[in-house]
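Next up: the structures, one after another.
Two complexes are shown next, each including chain A; its partner changes from chain B in the first to chain C in the second.
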Partner chain A sequence: MSTASIIRIALFAYLAIFFSYLLGPLVVMSLTAFNSAAFPSVSPWACYTYEWFDVLFNDKHIKEGIYYSVIIGLGTVALSVSMGLAASIVLTQVWAKFRSTYYTLIIAPILVPGVVLGISTLVFWDRFGDFIRAGDGSMLDGLFHNGIFLTILGQSSFIASYCMLVFVARLQRFDPGLTEAALDLGATHTQAFRKILLPFMRPAIASASVLAFLASFENYNTTTFTIVKYKTLTTVLAQKVRLGINPSISALAFIIIMMTIILALGFETYRRNNARKEAVRLGKAKESKGFLPGFLTGNPAAIVLVLVSFVVISMIGTAQSYSPQQCKAEVLAAKKAEVAKAIKALKLKRTIKQQSDSLKGPDIFTPDPANKKGSFGGVFDPNNLTNEEPAKPEAPAANKKPASGAFGGVFDPNNLQKD
Partner chain B sequence: MKKKMIFSEFFRNNGVIMGSALMGLVGFWLIFLVILPQLSMLDYSFRFNLPPADVGTAKDVYTLSNYEHLLYGSDKTHATFNTVDLMVFVRTIIAAIMVTLFNIVLCYPLAYFLGQSKGSGLARLLVVLLIIPYWINEILRAFALRIIFGDSGLLNETLMLLHLTKEPIDFIRQDIALYAGLGYAYILLMLFPMYNVIESLDRNQIEAARDMGASWTRIHRRIVIPHAKPGIVSGATMVFMLSAGALAAPQILGGPSSLWFTQLVYQWFNDSLNWQQGAAYAIVLLISTILIVLTVMRIFKVNMGDIGK
Partner chain C sequence: MSSGVAVDLENVWIKFGDFVAVREANVNINGGDFFSFLGPSGCGKTTILRAVSGFLEPSDGRVLIGGNNMAGIGPNKRPTALIFQNLALFPLMKIWENISFSMEVAGASAKERRKRADELLDMIALEGQGDKLPSELSGGQKQRVAIARALCANPDVLLLDEPLSALDLKLRQHMRTELREIQQRVGITFIYITHDQGEALTMSDNVAVMKAGVIDQIDNGHEIYDRPATPFVASFVGENNVFRGKISQISGSEAVISSNRSGELRAQITPSQVGKMNVGDDAMMFVRPEALALGESDPASKTTVSAKVLNEEFEGASFSVFLEGDGGKQIKMAMPNLGQKLEGHTGETLSVHYDANNAVVMPAGELASE
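Presenting the complex of A and B:
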């Protein structure tokens, strides 16, 4: 075997490992959304079900979280895009000696841990309120302790830096001569900005807005400190994941993943389609005459996009009529049989142990491994207990069922109805 | 007087309305969102945690007690060190460094591959595939790993199916899940800066070196890595700062007995309601991570201007 082919094989093995590390967890998580087991898992596959989507859509905490996330996202986009644009324009004009200091200052928020930004925002506005003597109950006092206001400010402090980077890249290609020409022809500075610079920056503003909104939407570290009494999608999710997991979170993840894939494919399709049209116009490629519609030829992204949308539509279609009741009943029966078996085995063990204990005497008594597992959970704090409990495959199944039911009911009233 | 001249020039270039709008926005951002909050947090960390009635009275004096607590714990004699918190701190920093190194090693080959196969179909597809996980919430990504690393998770089931292990391995308690999750969370922030600089490398340089008989390792050591250095350092800086300051992954994937330093900060704020103490811990985290980054940048001779390219 030649060295070249060894390198080739190594490269593909490496790519496979890298991408399974990157995408594997997402695939597994998506699959768990369709398993009827109350704890998100794929390996003991129970039934194919859509019930977790129902649970998700009826969850009022998540709905509320999304609502506030969108409000905060829009506020953050408005604030951080304008601050980032201003900062990037100032960067092109700032006094040369001061430039690197200034750049360090406006890039620094990216590097400051989000936790620190959240805390500093919270502390500063609390004290600022005291400083300007906004008494209790006044409007300003309410504003400075309002979670939405604080979160927008806290997030903007570093998202503006991201926006600034996008704008700087675009501004490097701007010809300042255009503005000068406009000014010479008698435009005011405001007009020159609105008619010359702003249209030039429009693509950058669009991408910075998308970036800012996404960054705001998925921020957790800063938000968890500044949000105070409100909740965003991420804080709701974090709370749910920490207190007890159920597959409705996987269902949400699946929806987000599908949306991302469709958007990415749509963008890619659009780009390739334009490139192809351009090629046809220049006479480099032939107009297609295949049996496929024009926009599909030579455009794998479009084909995948059509397939994905087809799968999604058929899924939504079947979800209306599909019901896994039959399968669930079977699983339940199987579980009951298993529980009965486990209890029997436990009883047998206990009698054997009792016999041996009475023979050996109590001083060399060692706890039964099955018992040990049960008391084990008490060691950690209660939150962990709920997390660990359903995950014990060896623990008697009798334990498993009520535990998952109980904790499911704690954090999500809708689960109760399902049961 | 020089300063005044700069400002007047700035206003002459931009007009009064635009000039003040620009100045106002940048000023608001830097002063009210960045500088003053950090300063007020610094100030806060030197104060006692007083009941509201005592704030501003004679009792409200500066103190080092919050920092002493990190060093010595509640022991007033300063005889013993606060080993619990200090260990958490050291572990956080070391683990963040390890995560960063792991990401560099994992990303470098892919960045090189993508950077050198310009615009080929496979490379484009891979870039699209890379962007997808980046759009998924940090919490959901940690949750995905929790499903895989749990006691009855996919990994344990597979290992048991293959008879590699009899008992499920507790990946969460052993912090394997945490390190995998941190590496997973910020891997793309390492990849893209690296990819950007390697893409700008002229292929002819590599071919010239190869024609001259340079070995494969030598080409990377003498040509590709020196060229990619700003990208590597910029990616490493971001990954290090973000993993040291991560909160979601340790909360979701961390074992019950081991803590991340940010979790201590979180506890001081939300559980103990001692903001001053929490601010002191946050300051320690901020300053030590910045010092580490500056040291690394000094050693590898990279400027601040290279970050974020």
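Presenting the complex of A and C:
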């Protein structure tokens, strides 16, 4: 085999590993959304189901979290985009010697840990309220202790810096001569800003807005301090993880992933379609006369987009009628049979043990080696408390899912209900 | 169209920190003139233009437009329109929107603006191109759009900052005539900045030649070329042979210079220095290559130089003959191509003479560096 082909194989292997590392968790997470098992898992596969979407849409905490996340996201976009734009314009105007210092100063919030920003936002506005003597129950006092207000401020304090970076990159390509030309033609400074600079910055404003919204939407460590009595999607999810999750979170992840894919494909389709039209207009390419609609020709993104949309639509369609009751019943029956078998084996074992115990006497202090399934030796397993039977190893089998997580399945809500 | 308005600079100084960009500029530009500032890059000509358009306030002195002091009046309030070196067309606006921008900011309706833009597009021979974007036009077309945009504001003074420097030679020559035509048609004052002496001489009524922030000479093209006031002007505008020496004799406006290497030479004193020069002063004498001709050696006339032919260059319309005088003095002579044969003279010593009226003498000074 030649070196070239070895290199190529190695490259492909590397890419495969890289992409599975990147996308693997997302794929697994998406799959768990369709498994009827109560804990997010792919194997063993129980039944294909849409019930977790139902659970998701009926979860009022998640709905509330999304609602506030969106409100805070929009507020953060408005505040941080305007602050970032102002900061970047100042950067181009500021005295040259001061420029690098100013830049460092403005960029610093990105380097400050989010936790610190969160706590300091909370403390600062509380003190500030005290300082200006905003009394209890006054409007200002309410504002300074309002989670939405504080979260928007806290998040904007560093998201504005991200926005500024986006704007600075765009501003570097702006010809200040254009503003001068506008002024020379009689425009006021406001008109020059609104008619010349702002339209030029529009693409940057759009991307900064998207960036700001996403950064706000996914932010946890600042939000968790500033949100006070409200909740956002991230804080709700964090709470759920603490109390035990179910695949409705996977369902949410799946929806977000699909939205991302569809938006990205849509944008790419739009871009390629424009590029094609431009090429046709300049006479570099011919207007195709194939049987496919124009926007599909030579546009793989459009084709993938159509396929994905088709899959999603058909999923939503079948979700209305599809019911996995039959499968579920079968799984339940299989489970019951397994449990019965386990009980039988247990009984058999017990009789054997009793026989030998009658010879040796009870020895409940000898740790059962099979008990050490989880990393904490199963001590956190609630079954330990209720199940006094020393014949512990059979319990996970009856549980259908072996406790395979690092915490021995302690997060499984079923653990609390079983037995 | 508004008629031309006079622009005056009175004792204008412009300083950036310790650096003096413009020193004591006194310029009177008549209404309706095509006036050029000519100078090498970095001489302060753009700075003057920015002071007239209002982007800069002079550190000292006054700028008057139509007799009104412009101190404290911003660029958007002055009756001037500037055409930028890079044109500064608004890239996201269509051509007609670009042209009518000054009306848009004044609050004119889209219909009015479109109508005026179409009129101006007709004038610059770009009818029907109003809906294109600037990026879709060629360099010369953009140039004309920039002019139309400036004219749309009905300025009293049009300021042009080297607008032709980005164009290729042919287009540049074409645009020169076109600019001059437009200026004559609209009749407003044009102030033109250039480092190209050809542009300045062909288009302008008057030219100011600048060197390192100082205006050396203001005059019409002929005077600038034939009677340069300083060694800098003489060497910057066109080609010149320079002879250094000391004044040996003065009679009225004529002087004889005893040159370092080429003997006694007679020339006219430049008008601004008549009566100010004395015998024994360090002086420079300039004579244009085209003012030299082959002739009999006649030392008594004090207008002949003998020199050895080094080589000749054929340039189509003319020959350039490079000669070497006594002591290695380099002399260039230009002869019109009239079909004569000049080959075979290389190495010969010839006598070259000129008319004393075509030579200028002035106090020694700094030459333009090539």
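Side notes on the structure shown:
Note that in this section the second predicted complex is superposed on the first by the 361 of 419 C-alpha atoms of A that agree within 3 Å, B and C clash if a C-alpha of one lies under 4 Å from a C-alpha of the other, contacts with A are read in each partner's own complex, and residues count from 1 in each chain.
Definition applied: a residue touches a chain if its C-beta (ideal position, glycine included) is under 8 Å from a C-beta of that chain, and two chains touch if they have at least 3 such contacts.
On a predicted model such as this, the values are computed, not experimentally measured, just so you know.
Once chain A is used to superpose the two complexes, chain B occupies space next to chain C without a clash.
Once the two complexes are overlaid on the shared chain, A:196 sits against chain C while remaining clear of chain B. Of the two partner chains, both chain B and chain C are touched by A:188. Between chain B and chain C, B contacts the larger number of chain A residues. In the superposition on chain A, A:255 contacts neither chain B nor chain C. Using the contact criterion defined above for the overlaid structures, shared-chain residue A:165 touches chain B, although it does not reach chain C.
Residue contacts after overlaying the shared chain place A:177 against chain C, while chain B stays out of touching range. In the superposition on chain A, A:327 makes contact with neither chain B nor chain C. When the shared chain is aligned, chain B comes close enough to touch A:114, but chain C does not. No C-alpha atom of chain B lies closer than 10 Å to one of chain C in the superposed arrangement. Overlaid on A, the two complexes show chain B and chain C touching the same residues of chain A, namely 188.
Those residues of chain B that touch chain A in the shared complex are 6, 10, 13-19, 21-23, 25-26, 28-30, 32-34, 36-38, 40-41, 44, 55, 106, 109-110, 113, 121, 124, 126, 128-133, 135-148, 150-154, 157-158, 167-168, 184, 187, 237-238, 241-242, 244-248, 251-252, 256-257, 262, 265-266, 269, 275, 278-279, 282-283, 285-286, 289-290, 293, 303-305, 307-308. Of all residues in chain A, only 175, 177-178, 180-188, 191, 195-196, 199-200 touch chain C in the complex they form. Remark: chain C residues 53-55, 74-77, 80-82, 84, 86, 88, 90-92, 101-102, 104-106, 149-150, 153 touch chain A in the complex.
On the chain A side of its complex with chain B, the touching residues are 11, 14-15, 18-19, 21-26, 28-29, 32, 39-44, 82-83, 85-87, 89-90, 93, 95, 100, 103-117, 119-125, 127-128, 130, 153-154, 156-157, 160-161, 165, 188-190, 193, 214, 217-218, 220-221, 224-225, 233-234, 237-238, 241-242, 245, 249-250, 252-253, 256-257, 260-261, 264-265, 268, 300-301, 380-381, 384, 388, 391-394.
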